[in-house]
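Each in structure tokens, the structures are laid out below.
Here come two complexes built around chain A, the first alongside chain B, the second alongside chain C.
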Partner chain A sequence: MVEKNGTEKEQDFNNPDNEVTSDHIIERFNGDISADTRDGYQGYIVSPDRFHEVAKVFRDELGYDYLSSVTGVDYIDDDHIEVVYHADKIVGGEGINFKVQVNRENPVVPTLVPIYPGADFQEREVFDMYGVHFEGHPNLRRILMWDGFDGYPLRKDWKEAYYEEDVKPFDTRWPGGQVKRSEADSPYGKNVSYPPDFDIDNWSPETDDSLYESLQKTDPKGKSLQTDSIVVNIGPQHPSTHGVFRMVVALDGETITDLQPVMGYLHRNHEKIGERNTFLQNMPYTDRLDYLASMGNNFGYALAVEKLMGVEVPERAQYIRVLMAELTRIANHMWAIGFLLNDLGAFQTPALYAIRARELILDVFEATAGSRMMCNYMRFGGLARDFPSQMRGEDTIKFIDDLVNNRLPQAIDELDHFLTENEIVRSRCIGVGVLSAEKAIAYSTAGPLLRASGVSYDLRRVDSYGIYDRFDFQIPTRSNGDVYDRYLIRVDEMRESAKICQQVMRDIPSEGEIFTGKPQYNFRVPAGESYGRVENPKGELGYYVVSNGKANPYRYHVRAPSFVNLTVLGELCKGHKVADAVVILGSIDIVLGEVDR
Partner chain B sequence: MYGIGIIKGMGVTIKHLIDSFVDDMRFLGRRYYSDESLNIRQGTEGRGVFTVQYPDEKLPVPEQFRFIPFLLYETDDDGNKTDRCTSCGICAKVCPPQCIWIERSSDPETGRPIPAPTNFFIDIDICMNCGYCAEYCPFDAIKMDHDYELASYDRTEAHIFDKERLDKPVEYYASIRPNDYLVEENARAEEAAKKAAKKEAAAAKKAAKLAAKQASEQAAAD
Partner chain C sequence: MNDELSNPDIPVPDELQSTVTITSLDKIYNWGRRSSIWPMVFGLACCAIEMICTAASRFDIARFGMEVFRATPRQADLMIVSGTVTKKMVPQIVRLFNQMPEPKYVMAMGACASGGGPFKEGYNVVSGIDKFVPVDVYVPGCPPTPQALLHGLMKLQEKIDGQSLKSVRWYGQEASEAVPVPVLGPDLLDPRQHALLAQQAGQMPVNVDIEKDL
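Moving on, here comes the complex of A and B:
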């Protein structure tokens, strides 16, 4: 199906008579769309009045069928909020970004959910964080904050609890240096604001009525057994949800009729913290997003800021970056597979075999970056440090060589041998949670989830970054889009990653700089916007960074693959049994640090 | 036939089990609780058990491992301690979670700042172990520690480390990070040599100037 679509589009592009360029679009929507001419900005500004039409043209005529990111920026000085969309062509080629500007008092933007269903959760997030009302959105509720929350946390005039100053470094730290525990400020004191009619003493947690009402239930009438639907909460404290994550499930017997994910229990306003930080200070914070893949998180953020700064990365550092990113992918997929089996009921044994291989990778991270999981290894223009000469009593290069040539491929083969043909795994996974290619694209899913559905879309190829174009590797795809294929695709990807690592170790220059220029802690970044993204183990990890020429980012947004992939969870689970919902969630592979931010 | 896959998979498990006993024989007595045991168990030769029996045995941390910063002081021959810290405040400025508080010293008479800290606090509950303070300190005065066993019964005041708690001798640093220490000492020696050479050159120039002046005066007198 996808191939057919793809060829159709290719024909379109090859036929110059049919070609619609963005210039034509500007002409056609005279006055309602214009190029973004601000310094350092790209893309188009669309007026909200004809936004729907324009988006449809972008999708159907220009071929931007994959909406990757939706976010907002509060330009408080210009008194408007800007909603920023990034869209791509699934067949490859350059992406596009378009923006809608609305006033801060009453921001209303038409929803894009009917055109790009993947906008669902992301629009809810913009509503939650900026108060932008998306007209026509089917379920516009807060997503990360609780329903009764006062204010919009990412607006520039909103201040968090324990607020000190707008930007770091804070003046109280030096030279005065009078230490104070911020916890000593009572959370009920002046630091927290509540809605005007809010009474803390008589407050009880929200009843979730609106959430339960929004679930689709079966009608008991007309069925042989007149049974009622029942609503069950799985989580937030449940071992199979991989963290504090809640699935509200409407059941007919044991069959799921609807499922709504509820998240935000781990929300810490990562993006606001990012705007208080300097550019450099954000680097260790990115480790805490998808904490199973911190090297990948570092990589994406470094790319976004390097784009703005225009710095080059030395050759050796490029190789090490790729090596680290691919090792991260293997470590992450090992973990994902191990815990998928845990969710299937094979407690611990497969997980521990998988973790065993991951341990060796973490040893490399620890010896090189100084930490097993919170690596904080990349800098703008290179890396923090080179490989150590020795690790675990061996020459480091020898250790890594052995790891990528022998131990990891062996571990992958063993895992494959151990699980792939297991009849219980097959009967639990095959045909469960099927995601069609069209749906996968429409719902903006990314990473293994997308590729298991037969869509060959990998940023390492379609928007090659770093030095990935130098390596010989395949983008594996599978065609069924069920849980079993999502397991298989991870095994395939690990093999390809091992192949890339082997090439890195073969080609890496034995000596050379790992950082351009002199390491600096205090620098300014030229004004403008940039969207840096990498193919993280879980999918497209994008950083939308806006700089206004100062030392702190004006806007710092993370397009988290786990979060966007969850948009399709409800669709995937419908019609399956409760136990399958757990497996489907496991096969999406989420990390709550990234979902909730 | 149904079940072949399961049996194949169980084969992997049984292999792991048998390997553990085979390894016990192969590395008789050396596989547990000896200095080389972990390298054997987790090394390329090890096939069986992989687990570290913490806290009975501990994985040695690599040199770059970072956990909670500490301050370095040097001890001279008389036993006087001098902090390397000049309270320039770079670590406090670069610190992402802002967990460093530095009180700069000032001269009690003139009120002018002295390059030494009166006090230095790190709230280790806030510290995220990123290592920026050590990375950007121009004086090698703050470094990341290896001691990760910091559990205590009080998480409030006991977790705010003051200067006394943070201070550790340079020798300790040299013992946990010997390679870094060597590189830094060499760089310092080089810097010092450069400075000395510059000073010498300046002195020589001055002397030459003086000599030339004297010579010209002499000539004038003659």
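Moving on, here comes the complex of A and C:
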């Protein structure tokens, strides 16, 4: 599937004289590509006719070999839907974005899956939400909603059953001091609406038959023993799927011949709700994306909107942000390792140790932000509040100092000591679910998954944000790309995070502002687009925000690392036993809140 | 154990106090059930994380005899609906509920499961699991802290204490009925509203008394 020639790419970087610039490209594709000159926008607009050619040039000649995000925007007033792509160079440097505009009635865009296989699920999402047909896509079916659902929910003229107004705050939210329930407006008393011509008596539901048939089965020819393929559904209610996730697996005996992930069981419409919310109202919603790393989610969204608003963050707040993001990383990796061991059959015990360490971090969050999990802590231009003077009967600074210098490093060492050399862990993990570096890049995987395959790509380095450039830390990489390396990389990253936390506690100014300007509930944000991203524990978390100058985002898209990382799951599992699929899924470390959004 | 179970109206001789307790059948039956509520391994969203924390060593749900999380509904007494109920997921939840043997209890954990929560307006969100299955205890919070969940479980214990062998539905004459499983169509279809849906076909929405159909 991947057609890239690695050596060619390197030559471009080694000979700056030969380097093709984007200006050359505009010249070469005269008329089919132009710079995006709208106010507050960057990047290029490409015509769908030569889109494939242009994308290939971007990848092979300009070196943008890593497609990070694909999404759509419905510009209903201009009568077109725009598909927005963000691509990066895996060696670092400025990213690029390019767009394709198509009309709303019959939107067709050539698929990028043959060039960037990582576009697979993201294109399906755009199809699901906007009805854009990606010509040539190998498996273009709905991904978050179910087959047979009526309409394309993220189009601006599509209205949900409980629709009240285009943007919040709604006038009805407190009518005459009375509580009003949306159910009262629906004839069904429920959050449902049906097309006007829907006739239930002459209707039958869609089945999953086509999905089951599309799976690659064993070929009975040429085998001495006649065997049958069976299709097994793992999930959506299954103890090992880390939430409501479903894997449809075709099996030959116990060996997996094909695996198709099915998701959307926790699709709770972040993006549609986010476009009705005001900018600030979205902040607590970001907590509920990857709910094991809410501080990191806050951080990314704050960065995206701060880019549009152009506000600065005070020094002390910058330090606290980094501290919180790194504590989150440790808490998340603790959880991931604990539950990877659960998947391996070490039921509960390692998880208990991991949760115990995580609780210490949650205490800091609770004392500072007011909540264990849903912190809602960051604001555009700073933070919601400073550390309290006391927590758990101790001086807060002393508590955190002790935590990052002693207790967390000890907890990490403890896990390392019990697990790393464990015979069963090694024999179940080494050589299982191997992902090569080329594939990891092509499939747009991010985070520990990418770095365990030997690619040193971490946004804290390649696109440094906040004040990460002031700290001394390594980007750990491993070279085998198997489950064991993904475990090891998490241990390494926890150690590096603890190192960063120690430096924060050493360097943080003891006093200072934590917020720029006056806190506001409702404010206008200058028009334009912005892509803010952070290296979350699970990988690149990006927010694509479009503002039209009003108090609500016109478009609010989340590039979720767990979702994109799942693109490669089927590839990883093929040829392994069914018990390994559970472990491979555990090693990717997904959170369904973020996969389905 | 004695204090909790014994009936103060019937005195037990002093020398037998350490070994004998006189109690009612209801009381000892309920005492057994309330001290061994087995929840189902069933996590939906964020609340599931707090549910796991409740089961872990710090909050230690085992103090209430509830640490035996069962992965199959056939062995579970309690379904903790821990998270946002989406339209895509609700058919499975109803099926799981139907597969649980009596006596069974449902707890709506958190704002989403109780009434839709912050995501209520979403097009794929069911505004509360009680639209489909009967709920015994609602636990507020987003997510509820482990303490709040434990409080909810204690409330459930109180509810069990108040039940009597004579009147509980699972020893009654009629078998308890399964909840009709919702179907995914152009939107979520509730089979109990089939007649209403058929009547609505091809018409503009009319205002009807919704209480009747629920």
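The definition used in the following text is that the second predicted complex is superposed on the first by the 558 of 597 C-alpha atoms of A that agree within 3 Å, B and C clash if a C-alpha of one lies under 4 Å from a C-alpha of the other, contacts with A are read in each partner's own complex, and residues count from 1 in each chain.
Rule of thumb we're sticking to: contacts are C-beta pairs under 8 Å (C-beta built on N, C-alpha and C of every residue); 3 or more make two chains touch, one makes a residue touch a chain.
Every value quoted in this text rests on a predicted model; they were computed, and no experiment measured them.
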Next on the checklist: Is A:P284 touching anything from chain B or chain C once the two structures are fitted on A? First, second, both or neither.
Outcome noted: both
Item to check | First, second, both or neither for A:P195, with chain B first and chain C second | outcome: second
Checklist entry - Between chain B (first) and chain C (second), which does A:V578 come into contact with in this model arrangement: first, second, both, or neither? => result neither
Next on the checklist: Contact-wise, after the overlay, does A:M374 reach chain B, chain C, both or neither (first, second, both, neither)?
Outcome noted: both
Checklist entry - Thinking of the overlay built on chain A, is A:V231 touched by chain B (first), by chain C (second), by both, or by neither? => result neither
Next on the checklist: Contact-wise, after the overlay, does A:R407 reach chain B, chain C, both or neither (first, second, both, neither)?
Outcome noted: first
Checklist entry - Between chain B (first) and chain C (second), which does A:D150 come into contact with in this model arrangement: first, second, both, or neither? => result second
Next on the checklist: Going by the contact rule set out at the top, does A:R356 touch chain B (first), chain C (second), both, or neither?
Outcome noted: both
Item to check | Overlapping contact positions on chain A, where the chain C interface meets the chain B interface | outcome: 164, 183, 284-285, 356, 359, 374
Checklist outcome for this item: Per the touch rule above, chain C residues touching chain A in the complex are 41-46, 48-50, 52-53, 56-58, 71, 83-84, 86-89, 92, 96, 112, 116, 118-127, 131, 142-143, 145, 183-190, 193-194, 196-198, 200-208, 210-211, 213-214
Item to check | chain B - residues contacting chain A, complex | outcome: 2-6, 8-9, 12-13, 16, 39, 42-44, 50, 61-66, 87, 89-90, 92-96, 98, 100-104, 113, 117, 119-121, 123, 128-132, 135-136, 144, 156, 160, 179
Item to check | Contact set on chain A toward chain B in their complex | outcome: 164, 168-170, 172-179, 181, 183, 277, 280-285, 349, 353, 356, 359-360, 366-371, 374, 376, 384-385, 388-389, 391-393, 402, 406-407, 414, 417-426, 519, 521-522
Item to check | Residue ranges of chain A in contact with chain C within the complex | outcome: 144-146, 148-150, 153, 160-164, 182-184, 186-201, 203, 205-206, 236-239, 243-244, 264-269, 272-273, 276, 284-285, 288, 291-292, 351-352, 355-356, 359, 372-374, 592-593
